[in-house]
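All chains are identified by letter, namely A, B, C and D, in their written order; residue positions are counted from 1 within each chain.
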Amino acid sequence: MKIAYYPGCTLKTTAKNFETSAIAIARELGIEMVELPRWTCCGTVFSLTADDLIHHVAPIRNLIRVQEMIENGQIEDEKRVLTLCSMCFNTLKRSNLRVKENTEDLKKINDLMYREKDYRAEIEVIQLLELLKEIGFDKLKAKAKNPLKNLRVAPYYGCMILRPIEVGIDDPEDPTIQKDLLEALGAEVIDNPYKKVCCGSYQTVNNKEKVAELAYNILGHAQQEGAEAITTCCPLCAFNLDTRQKEVLKNHPDFQQMPVFYITQLIAVAFGLDNKTFGFNQNYVDPKPLLKKKGLIK
Amino acid sequence: MAEIKLIDGYPEYMRKLIEKVEKTRSSRINYTPPAMSRQEQEEVLKVHPDYAPGGKRVITIGPNKGDIGPNEVVDLLEAYPLIDPGKTDLSKIDYETDILIIGGGLAGTSAALWANNSGVPSDKILLVNKLRHGDANSIMAEGGTQAADREIDSVQRHYLDTIGGGHFANKPDVVRALVEDAPFIIKWLIEMGAIFDREENGELVEKWGGGTSIKRMHSCRDYTGLEELRVIRDEFRNRQILCLEQYPAIELLTDDNNKVTGAILWNLETGEYKIVRAKATILATGGFGRLHIRGFPTTNHYGATFDGPVLAYRVGVKLRDIDTVQYHPTGAAYPIQIVGYLLTEKLRSSGAQPVNVDGEAFVFPLEPRDVEAASFIRECYVRNKGITTPTGLRGIWLDTPLIDIKNGKGYLARAFPGMTRLYKRNGIDMSKDPVLVFPTLHYQNGGVETDPWGRTNVEGLWVAGEVSGGVHGKNRLMGNSTLDCLVFGRRAGINAAEYVKTHTETGNITLEHVKKYIDMLNEAGIKPERRAPILLPDYRGRAALARIIDIF
Amino acid sequence: MKKLVITSENIKFLKKINELADQDITLCEQCGTCSGSCPMVADMDITPSQIMRMVQLGDLDVLNSKAIWVCASCYSCTVRCPRNLDVSKVAEALRQVYLRKALDYVEIKKIPKYELVSLPQIAIVSACRKFTG
Amino acid sequence: MEEKTNIMERIAEANRPVTTGVDEKDIKDWVTIYIMGKGYRVPADLTILTAIEYAGYRLLRSVGCRQGHCGACATIYRRAGEYKLQADLACQTRVEDGMYLVQIPFSPAEKAIYDITKEPYDASVFIKYYPEVARCVSCNTCTKSCPQDLEVMDYVQSAIRGDFEAVADDSFDCIQCGMCAIRCPAEIVQYHVAQLGRRMYGRYGLTMPKHLKKRVEEIEKGKFKEAMDTITSKSREELEKMYAERQREPD
């Protein structure tokens, strides 16, 4: 099945490994992710003020691209667009909801973009985990030639796929979607009380010490519970939890570094896919030693 | 607001004429008229504006006394200065620099970069521009830059093509420098980040140019000069070399030994003059299209007014080959608002054919420019086979739809985005319809005589680019102008840098040469009615001009 | 504690924030759930519930608080407010009041280049959205 | 002889409106335009640039190549009865009746300083030098205001994600007139961003052509020295003969 796919900027650079692994596992599951032509940055954060429409132009413009893909018959899933990045997902979905609920806003945005066809507010924005759940974790289990046996993983959800409630893909207080998925793949899933506590997000730009502290809490608690690795589906969470371990180590010299996976990387490992699809060279903390130790990769 | 009814950009009667072109097109796809023999060329050149009588006269004063030049050029050589040397205060020096470069096109900009590469610090180089940095004919060069870099090509072949195209009047040592440096220049531009057209395999696209015997034209779509200039100007700005804009030079300065020691600049907006003292001065002021020699329209920049040679002549430099003017065969002739616009030779080298009113291909499309231009004039005004526009201009068709037929659909739009855009604005799709062309004043073949390092016969003064003479002889080939600028800009920059290292003393600044020149003008009985340099042409409406009161 | 006299200016300010945030901030009963849920509260000069209180009173001093900039829009407060108020929208409204004066809270041009190249676009774009006017 | 002089006079006469300014008696159709608010009656088939000159202005700025290559004459205008603000080049746009216009003589913008030879070919280079690209809201105002009809917003977006080839390709025809930067609500200087992208792509994204490199080395080693010594010492007659006999490469 062909589905429209919105990558987002970071998936083309520092989180390329997220994209590569996602495309590979999707293909394995019979899904072809067709990238939107001429997509633009979604803005990464949903604009929260009532009168500010200009910042919804970017999300809506991208949804118009999806609409065009459907009209041109480029995709088979005729109502949805797939996202990987949590922030893109949140921003696109919330803007979409806003114009679906408010036709006045939709009209204004359409007017402003007079060179585009009008957006009809018929598209739905989904996140990869939702799609995987829809396919069925049992199907994923069946594909897992290389089950993640003995791997103790703590899923990290962050904020943007859980909150606010109207966009969340799971229970905002006790999400389990990653746990269910990882268990299906044979991993030993560790519950981390910090799984839905913010990583500090964009504060990493102007307040990296604070972000490192938050990362220390999240990672430290996971370790206390016995986790050997973390999973995420947000490139900003990944950056804050993975790359910022450098700063964590500086402030806490006895901190044990731990790998942070995109969930898709671990799925690709479980599926026994080609090494090239993992993209581990882009991970800050090298996950290969752990996976080798567990006999999951050569 | 009555307007003529246009069908896809053309009036009805021209539409009818286009049908004739369409009718013969299929028979012309595989037919090219043969190139002319020497005799045929000489015959047709009689209607070339350079050779048709009445356009030139003898220069009566200065180093080239006795030579002939176009009337418009001689007018400016025999003109009085803008300043009164007796009343100009030279006591306060506004800018003290090692190297002063006048003109910021390809030549001036590359001179600055190479002077800097050669060790002159960026705050000891001053580039001054009449308008903005980059306002130059360079930026308008469409077709390409020649360089003999292909395995089967050679520098001596490039040399022969250039000398032949220049009617064997070229100065051999400078042509040698031109062709020998050419591949290096292309390589340098690529290293600076210029994007030349590439083949699928990454090798350079090499195209035909008129008068060349082999494909050696390197292009950047039809924005070659723009791309080259953008890149080196960006590099110039990264080096933070000093730069003044809207500051034309209105006179050079000399010391007691007639060595050039700087220039007087004029703030185009406030009218205030500034004094620059320099150890070396590089003149890179470009050409003279805006003199509209013989009443021709021009492809040239607004500022192409022959300022450089006017100033240099007063300090005693020798000019050469000033009698010939290059008319580009294919200037736009319709519609009126784009008359004179350059339609690059690359159109013809990509397959577009010149066609007369009967739909006949009447000339080999890639004759040297003067021959090609003369044959268009003959077709329009001797054989009366031109097409007359609603405003009374005559032209011949350039059958551009052939380009897509020969190279594949969409090629024209991709390879010539600038021109496609221009015609589209005027309702014409040049991939479907031919366009009307007529020769347009394009290039100053001659200029200030120089050696291979840009040195003139006056100490302290270098020249580079269109302002110079000798390298192109009596007629420049396509792709040799941007090359000229880059080669001799570089050489002048390097040489001037070497000079200032050994000549550390700064000379005094005087206007003695101007005083002497005024005396010469007086002696020759020339009345003080003309003043030069003119700096800019004047296109103000006559109705408005007639009622102007000059108060401020 | 300073004495506050409610003026028309204070009322205007409350009204403005109510409009920008699309909330009726007067509904806040100061239960403190938001402050308890906030992962950034330790770094704030005033707590989220204090922000709400100040806005209720139309106290313009809230604009000078560090707290509104420390908020990372994680929506922890949003999902827990018993009054269904969205404190993250209030914080954004306050930030916008500042940024719309063409002021920047973070000057991105002053971030060292080695920092800029180390950050993912997602961080820079969101910081631009949240911190530049 | 006389006939040939005559031809030149006929050509000069036919070109007079474009070489020495328009004369009223040449004009049939007129329109009224408003230059900075002042109304002028001008010939209908002039460009904005020539119409401004016709009206009596001697241009010292906002004029350059006059043929759409240099970007000096950026002009903004509104047509009668329209609310949309248009941006175009004065030299490339015909006047229309009721047009309100002003030229933009200069675009204030800071260009980043970098050394292209030392810059790693990394996607982050755009954010390194022009972090404000991250402020793009995809409003498309830049694209709408581009007189070259470039997809400006697309290349800014490509810059955010570090796609050098797309930046270079989409921005290639940029004449740096500055209209995008003047109108951008995110205050990005698009044309400088594009220049950085093109130079990076030209230097690192494309390969150095092998034959070019080889030829430069050959010249440096003096491979052509002898041939050049010979040909430069030839007499005019010899050269003429060689020229007449030279082989043209087959098409």
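Everything that follows uses one rule, which is that a contact is a pair of C-beta atoms (placed from the backbone, for glycine too) under 8 Å apart; a residue touches a chain by one contact, two chains touch by 3 or more.
Owing to the predicted nature of the structure, the values given are computational and were not obtained by experimental measurement.
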Closest chain to the centre of mass proxy, which here is the mean CA position: D
Chain centre separation (chain C, chain D; CA means) in Å: 46
Separation of chain B from chain C, taking each centre as the mean of its C-alpha atoms, in whole Å: 61
Rounded Å distance, chain B centre to chain D centre (Cα mean): 16
Centre-of-Cα separation between chain C and chain A, whole angstrom: 26
Residues of chain A touching at least two other chains: 9, 13, 41, 43, 55
Sequence positions of chain C contacting 2 or more other chains: 111, 118-119, 121, 124-125, 127, 129
Multi-partner residues of chain B (each touching 2 or more other chains): none
Pairs of chains in contact (touch as defined earlier), listed by label: A-C, A-D, B-D, C-D
Chain A-facing residues of chain C, complex: 19-22, 39-40, 43, 70, 72-76, 78-79, 86, 88-89, 92-93, 96, 106, 111, 115, 118-127, 129-131
Contacting residues of chain D [partner chain B, same complex]: 1, 4-5, 7-24, 26, 28-31, 42, 44-47, 50, 53-61, 63-70, 72, 92-94, 97, 111, 113-117, 148-149, 168, 172-173, 175-176, 195-196, 198-203, 206-216, 219, 224, 227-228, 230-232, 236, 239-240, 242-244, 246-249, 251
Residue ranges of chain A touching chain D (in the complex, touch as defined): 9, 12-13, 38-41, 43, 54-55, 57-58, 61, 112-113, 115
Residues of chain C touching chain D in the complex: 108-109, 111, 113, 116-119, 121, 124-125, 127-129, 132
Chain C contact footprint on chain D (complex, rising order): 122, 124-125, 127-129, 131-132, 134-135, 160-161
